[in-house]
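Per-chain residue numbering starts at 1, and chain names A, B, C, D and E are given in the order in which the chains are listed.
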Amino acid sequence: MDTLVSTGPLAAIAVSLVAAGLIVLSGKRPNVREGVTILAALLKFGIVLSLLPRVLVGQTPEVALFEISPGISLALRADPLGMLFALSASFLWVLTSFYSIGYMRGLGEHKQTRYFASFAVCMSATIGIAFAANLLTLFLFYEVLTIATYPLVVHKETPEAMAAGRKYLAYLLTGGVVLLLAVAWTVAVAGSGEFVPGGFLRGAADHGALLAVFLLFFLGFGVKGAVMPLHSWLPSAMVAPTPVSALLHAVAVVKAGVFGIARVVGFVFGPDLVGDIGAVPLASLLVGATILISSLLALRQDNLKLRLAYSTIGHLSYIVMGVVLLAPSAWTGGLFHIVTHGAMKITLFFVAGAIYVKAHVERVSELDGLGRQMPLTLAAFALASLGLAGLPPIAGFLSKWYLAQGTVESGEMVFLALLLLSGLLNAAYLFPIPIRAFLLTSERFRRFDEAHVLMLAPILLAGALSLLLGLAPNALFHFFTLISRTAASVMGGGG
Amino acid sequence: MIHRYQGVVVELVSRAVVPAIQVFALYIITHGHYSPGGGFQGGALLAASILLLRFTQGRKESYRRFPPGAGFALAALGLLIFLLVGLASVARGGSFLDYAYLPWPWASPETLRYYGILVVEAGIALTVWGTLVVVFDQVGTRTRDV
Amino acid sequence: MKALALAILGIFLVVLLYAEGDLPDRGDPEAPASMHVSPYYIERSLSDTRTPNLVTAVLADYRGYDTLGETVVIFAAGLASALVLLRGRGNRDT
Amino acid sequence: MNQLPLLLPVSFLLFSVISVLAGIWRRDLGYLAALVGAAAGVPLAIWGLFRVLSQGTVRYHLGGWPPPFGIEYVLDPLAAFMASIIAAIGLLVLVYARRSIDHEVPEKAPLLYPVALLLLAGLTGIVVTGDLFNLFVFLEIASLSAYALLASGRGLAPLAAFRYLILGTMAGSFYLLGVGFIYFSTGSLNMADVAERMPPLYESRVLLAAAVLMVLGLGLKMALFPLHPWLPDAYTYAPSAVTGLIAPLMTKVAGYVLIRLFLDVFGPSYLRDTVPVIAAIGWLAAGGIVVGSVMAIAQRDFRRMLAYSSVSQVAYVALGLGLGNPVGLIGALLHILNHAFMKGCLFLVAGGVRYRVGVWDLPHFAGLGRHMPWTMAAFTVAALGMIGIPPTAGFFSKWYLVQGGIAAGNWAFVAIILASSLLTAVYFFRVLERVYTSPLSPEVATSRGSDPPPGMLGPILILAGGVLVLGIINSIIVTQVLEKVASSLSGS
Amino acid sequence: MFEEFLGRYPYFMTVILLAIGLYGMVAKRNLLKKAIGMSIFQSAIFLFFIQGGAKWGATVPVIDPQRGMDPAQYMNPLPHVLILTAIVVSVATTGVSLALLLTIYQRYRTLDEKQVLEEARRKA
C-alpha cells in the first residue's frame, strides 16, 4: 500500500472545529450561524470525498503531526476502513445539518448556538476517530466525542435530560477510563500502538494478558457501542433533540464504538490472535444476547424514539457480531452494516423528529392515521423499516446476506438462526408503525401537511440512499470496494 | 504598652542607658570577628534600646526618636546592603557574596573578606534592628486594649 | 486529628530512639561531622578571611548565603507580622 | 562564572526589598516594583531552562567557595523546569492580584506584594539549591510568607494560618532534624557530597531515621494523606489571589524536594530497594487520592472543594514518585506542571466569581455560564483538565502515571488513578451542570453580569490556554526535560 | 561506663524535650500553648545540633594563637552557625505566630481552639 502525505484528513477534522468557533462567534445572528454550519458540512464532505479517489487506487493519504507522547504522534491516516466511516458520517452530517435547522427552528429551541457548536465539535471528533492512525490518537478523539456530546444530551435542561446526561457521563467516562487502561497497556507491551492491518500484538504478551487487554477494549468501546449490559445510557439519551439522536446516537457516537472494536480486532490484535486468545466465545455471547434482548425490548416500547433506540442497540451488535465472527464475509457484512444501518436508521429518526415537530406525537400508539397527513415521510419510514428487517432490495438485505454467509463460513450456525429470528423481530416492532399510520384512520390527522422542506428533503434523500445502497452497493462512494479491501487486508494481513 | 512611664528615676536612668546600650551594640557588631557576637546580637541590642525608649518615654518622644515607619526602611536597607554587597562581587565577575571581588582593588583578598564580613554584619544588624522594632510596634500598639 | 497527632508523636519517638544506636558519641573527635568539612574551616579561616572567630567566618563568608537567607527570614517575619496585623480604616472585621 | 542559577531568587529578593521601600514612598509604586520583579523572573527562568537544556547543568558556588565548604546552587533540568513554573504562575497571579486584592482585602494591599515576592524567592531558592541546610532556610522563607499571605483573609483565616504555621514549623523541624542526622553521620551538607558519602552508611539506622523524618516533614508540607488536615481550611479562607499563588506552588515544591531527595541525596536504590520508604509514600498517596476526591464531592463551598481536590491531586505526584520507575516519575513531574496551571486557573476563577457575584458557594454558580462566559469557559477547560479529558494537559499526566503503574505491575495504583478521575468528574461535572444549565440564582441575577476586568480575566484565560497548550506540547516537555531527569532512575 | 553515659545522655535529654514540645504542639487546645510547645520543640533541636558539635578536649571555635590551627583543638563551628540561623528562623516564626494569635484574639476574644470555632460559628 502506498502512503501519501496529505493534509486532507487533517483538514477534514479542522473544518468543523473552525466552524464551531465561528458558530460561537456568530451566535447572535442565526442566519450566519446556520450558514456556517451548512458550509462546514459541505466542505467537510467535499474534503473527505476528495480523498476517495486516491484511496481507491490503493494509496493511503496520511499525515503525522507533532508527537503527543514520546514515540507516538498525533497521526491521521485515511485507510479504506477509515474512509468508509468518515464518508458515511460526513455525508449524513450534511443531511442532518439541513434537518437540524428545520427541526430547531420548527420547535423554536433555546441555546441553538451551543447546540450547533457542539454538533460541529462532535463531527470533528468522529472524523478524527475514523482517520486515527494509532490507538492514542483514536482515544483522544474518542474522549472529545464523549464530552462534546454531553451538551447535546442535556440540551433540553429538563430534570429528565439532566438525569440522562449524568447517566450518559457515568457510562461513557467509565468506558473511557477502561479504554485508557487498555490503550496504555497495549502501548506498554507493544510500543507505539500504530494500527497495522492484521494486528501487531501477537507475541507481545502471554495470552492471558492479551485476553484481559482485549476484554478491556471490548468493554471500553462496547459502552459507546451499547453492547448489553452496557447499553442503558442510550435509551435515556433519547431525550436529546431528534437530530442528535439521529446523527449521534445512530451514526456517529455509537458507530464510533463499534468502529473502535473493528479497529482493535482487525488492526491491533488481528483476527487470528483474537481467535487464539479465546476471546470470541465471550464476545459473541454478549453480542448475541444483545441482538435478541434488544429486539424483544424494542417490541415493548411505545415511545417511538425509544423503540428506535433499542433497535439501534440490536443493529450495532450485528456489526460487532460481524467483526468478532472473524470470517471475511462476516467482516464484509458487518462493515457494510455500518453504512447501511446509518442510512436506514437516520431515516427513521428523521421521520420520528418530523412527526414530533409537525404532529407533536411521540408514541407509537398515537400514530394511527398519520399517513394521511405526512405520506411522504411515512413512506420513507416504511422503506427504511423494510430495510432494517432485511428485505431485498433495500440496503439492509445485503449486509444481512453477507453476515449470514459469515456465520456459515465460521460455522456458527446458532448465529444464523439468531440472525433470522431477529429479522422477524425487527419486522415485528417496525412494521406496525407504517401499518398503523397508513391503514388506520383517526380524527386528528386528515389534512395533508408535510414537514418543512428542510426536514423533508433530508428524509427523502436518506431513504433514497437506503434503497440505492441496496440496489448498487458500490454506487456513489464505492463503499463496497472500501469494505472488501479492508476485509482483505485484515484477513490476509497474516498477523 | 507604649506610654510614658511616670517616674523620674526610670526616666533618667533609661535616658542614660539607651546610648550605652547602643554603643555596646556597636561593639558587639564590630567585635564579632574576634569574639562571639555579630550582626544578629548587635541588632537585637539596638532594637532593645529602642524598645526601652518605647517603654519609658511614651509615644510622642519615642516616635520622634524612632518613627514607626523607620523600622521597615531600616530592615529593607539592611537587606539591601547585604544584597548589594553580594551583587557588587557579581558585577566584577565573581560569585555572589565572594568578598574577594569587592570593588576595592588595592586590598588583598583576605582583607577584603574581612571587611566584607563587617559590612554584611552591619547590614544584618540593621535588618534585625528594624524588624524587631516593627514587630514590637505592630504587636505593642494593638495590645493596648487587651 | 487527635489520634493522628499522637500517632505522629509515637512514630517520631520510635524513630529517634531507633536511630540512637548508630549516632556518634557526644564529643567523639572521630565523629564524621568533625572529620569531614569542619577541619577545613578551622585550618583555613584565619588565612582566608583574617577572622579568628570561626563562627563569624563561616556564618558571614563560607556560608554567607545562608546568612542572607536568614536575614531574609527576619525581614519576612517583620513584613509578615505587619501584614497579619494590618487593618484598614473603618474596616474592622470582627 | 555563569550567574544564571543565582538570578532568580536574588532578583525576587531584590525586588521585594525595593517594593517595600517604594511602597513606603508611594503605595502604587510598591505594587509596580513587585510586578516588575515578577515579570523579570519569567524570562530569567525560561532563559535558564533553555541554557540548561542546551549546555547541561550549571553549578554555582556562592561566595566562591567550592562545594562541600560553601553553598552550591545547581541549576539542572529539573530545577530549571520547576523555576519556570514558579516564575510563570507568580507573574500571572501578581497581575491578577491587583483588582482581586483591592476587592477582597484592600487594607492588606501595601505589604502583600512584597511578601508574595518573598514567597517566590523562597520557592525558587528551594528549587535551585544544592545544599540541604540552605534548602531549610529557603523553605522557611517561603513558609513564613505563606503563613502571612494565608492569614490575610477574613473570618477564620488567622486560625487556619496558625494551624498551618504549627504544622508547617513541625514539618520544617522534622526536616531540620533529618538534616542533622545526615550531617552527623556524613559530616557534609552538600547534596552531591552527601550522596557520595552515603553508600557505606546504607546500613545505618541514623540514615533510615533521617529518611523517615524528612519524608514525614515533607509529607506534612505537601499535605500528603493523612497529614493533610491543615490544607482545606488554609485554602478556604485566604484571599483568592493568595490561594491562586500558594495552591499551585507550595505543596508541589515540597513534592519536588521529596523527588530531589529521592534522586540526588539518598539515591533511588536506597529509598526504593533498601528501605521501602518510596513504596510507603505510594500507598499513602493512593489513600490520599481516594480520600481527597471523596471529600471534595462532599463540599458545598467551591474553594473547599478545590482544596480537597488539591489533596487528591498532589497525591498523584506522590503516587508517581511512589511507583519508583522513570515513567511514573515523568508523570509526577508533568503533573506538577499541569496541576499548577489547572489549579491556578480554578482558584483564579473562584476569585473572579467572588469579584462579580460576591460569594463562592456552589449554588451561586448556577447560570454563570451566560453571566460570565469567558471565565466559565476557562473554568470548563481547567475542570476538564482535572478530570483528564484529552487533549487537555491533565490527560497526559494521567497517561504517564497509568503507564508507570503498568510498567511497575502495580494494578492497584492503576485502578486508583483511573477511579479517581471518575470521582473528579463527579464533582466537576456537578458544578459544570449548574454553571451551564441552571437558571441564575436570584441574588446574582440583580448584579451586573460580565466577566471580571481584563487584569483578572487575562491571567485566567492565559492559564486556561496553558492547560490546552501544555497538553498539545507535552511530548516536547517530556522528551526535552523530564526524560533527562527520569533517566537517572532507569539506570539503577 | 561513665564515659558511655556522658556520650549518650544529652541525646536522650534532647529526645525528651522534643517529645514534650511535640506533645504541646499537637495535643494542647490552647493556641498559645501550642506556640510554646513549638518553641520548646525547636529549642530541643538546637540542643541536638549543638551537642553534636562538641569535641572532647577542644575549646570554643575562636582561633587562639597559642593553640594553633589544629582541628582537634577547636569545636566544630558548623553546627553553631547552623543553629544561629535556625534560632533566627525560630524567632521569626514565633513572631509571626504571636501576630496571628493577636489577630485571633482580637476577632474572637479567646485563644481556645474550640471556643474560637464556636465563636466563628456563632458569628456566621
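The rule is simple: a contact is a pair of C-beta atoms (placed from the backbone, for glycine too) under 8 Å apart; a residue touches a chain by one contact, two chains touch by 3 or more.
Please read these numbers as outputs of a predicted model, since none were measured by experiment.
Novice: Please tell me whether B-D or D-E has the greater number of C-beta pairs in contact.
Specialist: D-E
Novice: What is the chain whose Cα centroid lies farthest from the Cα centroid of subunit C?
Specialist: A
Novice: Which chain is most central here if centres come from C-alpha coordinates alone?
Specialist: When every chain is reduced to its C-alpha mean, the one closest to the whole-protein mean is D.
Novice: Calculate how many whole Å lie between the centre of subunit B and the centre of subunit C, each centre taken as the average of the chain's C-alpha atoms.
Specialist: 21
Novice: Taking the mean of the C-alpha atoms as each chain's centre, how many Å separate subunit C from subunit E?
Specialist: Going by mean C-alpha positions, subunit C sits 10 Å from subunit E.
Novice: Between subunit B and subunit E, tell me the centre distance in angstrom, where each centre is the average of that chain's C-alpha atoms.
Specialist: Computed from C-alpha means, the inter-chain centre distance equals 24 Å.
Novice: Roughly how far is subunit A from subunit D, going centre to centre by Cα mean, in whole Å?
Specialist: Roughly 43 Å, centre to centre.
Novice: Return the residues of subunit D touching two or more other chains; collapse runs of consecutive numbers into ranges.
Specialist: In subunit D, the residues touching two or more other chains are 13, 17, 20, 62-63, 133, 137, 140, 144, 147-148, 151, 155, 158, 161, 183-184, 189.
Novice: Where does subunit E touch two or more other chains at once, residue-wise?
Specialist: 18, 22, 26, 52, 62, 78-79, 82, 84-85, 88-89, 92-93, 95-96, 98-100, 102-103, 106-107
Novice: Please list each pair of chains that are touching.
Specialist: Touching chain pairs, listed by label, are A-D, B-C, B-D, B-E, C-D, C-E, D-E.
Novice: Help me check something: in the complex, which residues belonging to subunit B touch subunit E?
Specialist: Result: residues 34-36, 40, 135, 138-139, 142-143, 146 of subunit B touch subunit E.
Novice: Going by the contact rule set out above, which residues of subunit C touch subunit E in the complex?
Specialist: By the definition above, subunit C touches subunit E via 2, 5-6, 8-9, 12-13, 16-17, 20, 23-29, 31, 33-34, 37-39, 41-43, 45-46, 52-55, 57-59, 63, 66-67, 69-70, 73-74, 76-78, 80-82, 84-85, 93-94.
Novice: In their shared complex, at which residues does subunit B touch subunit C?
Specialist: Residues in contact with subunit C: 32-39, 71-72, 75-76, 78-79, 82-83, 86, 96-97, 99, 109-111, 113-114, 116-117, 120-121, 123-124, 127-128, 130-132, 134-135, 138-139, 142.
Novice: Using the touch definition up top, name the residues of subunit B that touch subunit D in the complex.
Specialist: Listed in rising order, the residues are 69, 72-73, 75-77, 79-80, 83, 86-87, 89-90, 93-101.
Novice: Can you check the complex and tell me which residues of subunit C touch subunit B?
Specialist: My answer: residues 47-53, 55-57, 59-61, 64-65, 67-68, 70-72, 74-75, 77-79, 81-82, 85.
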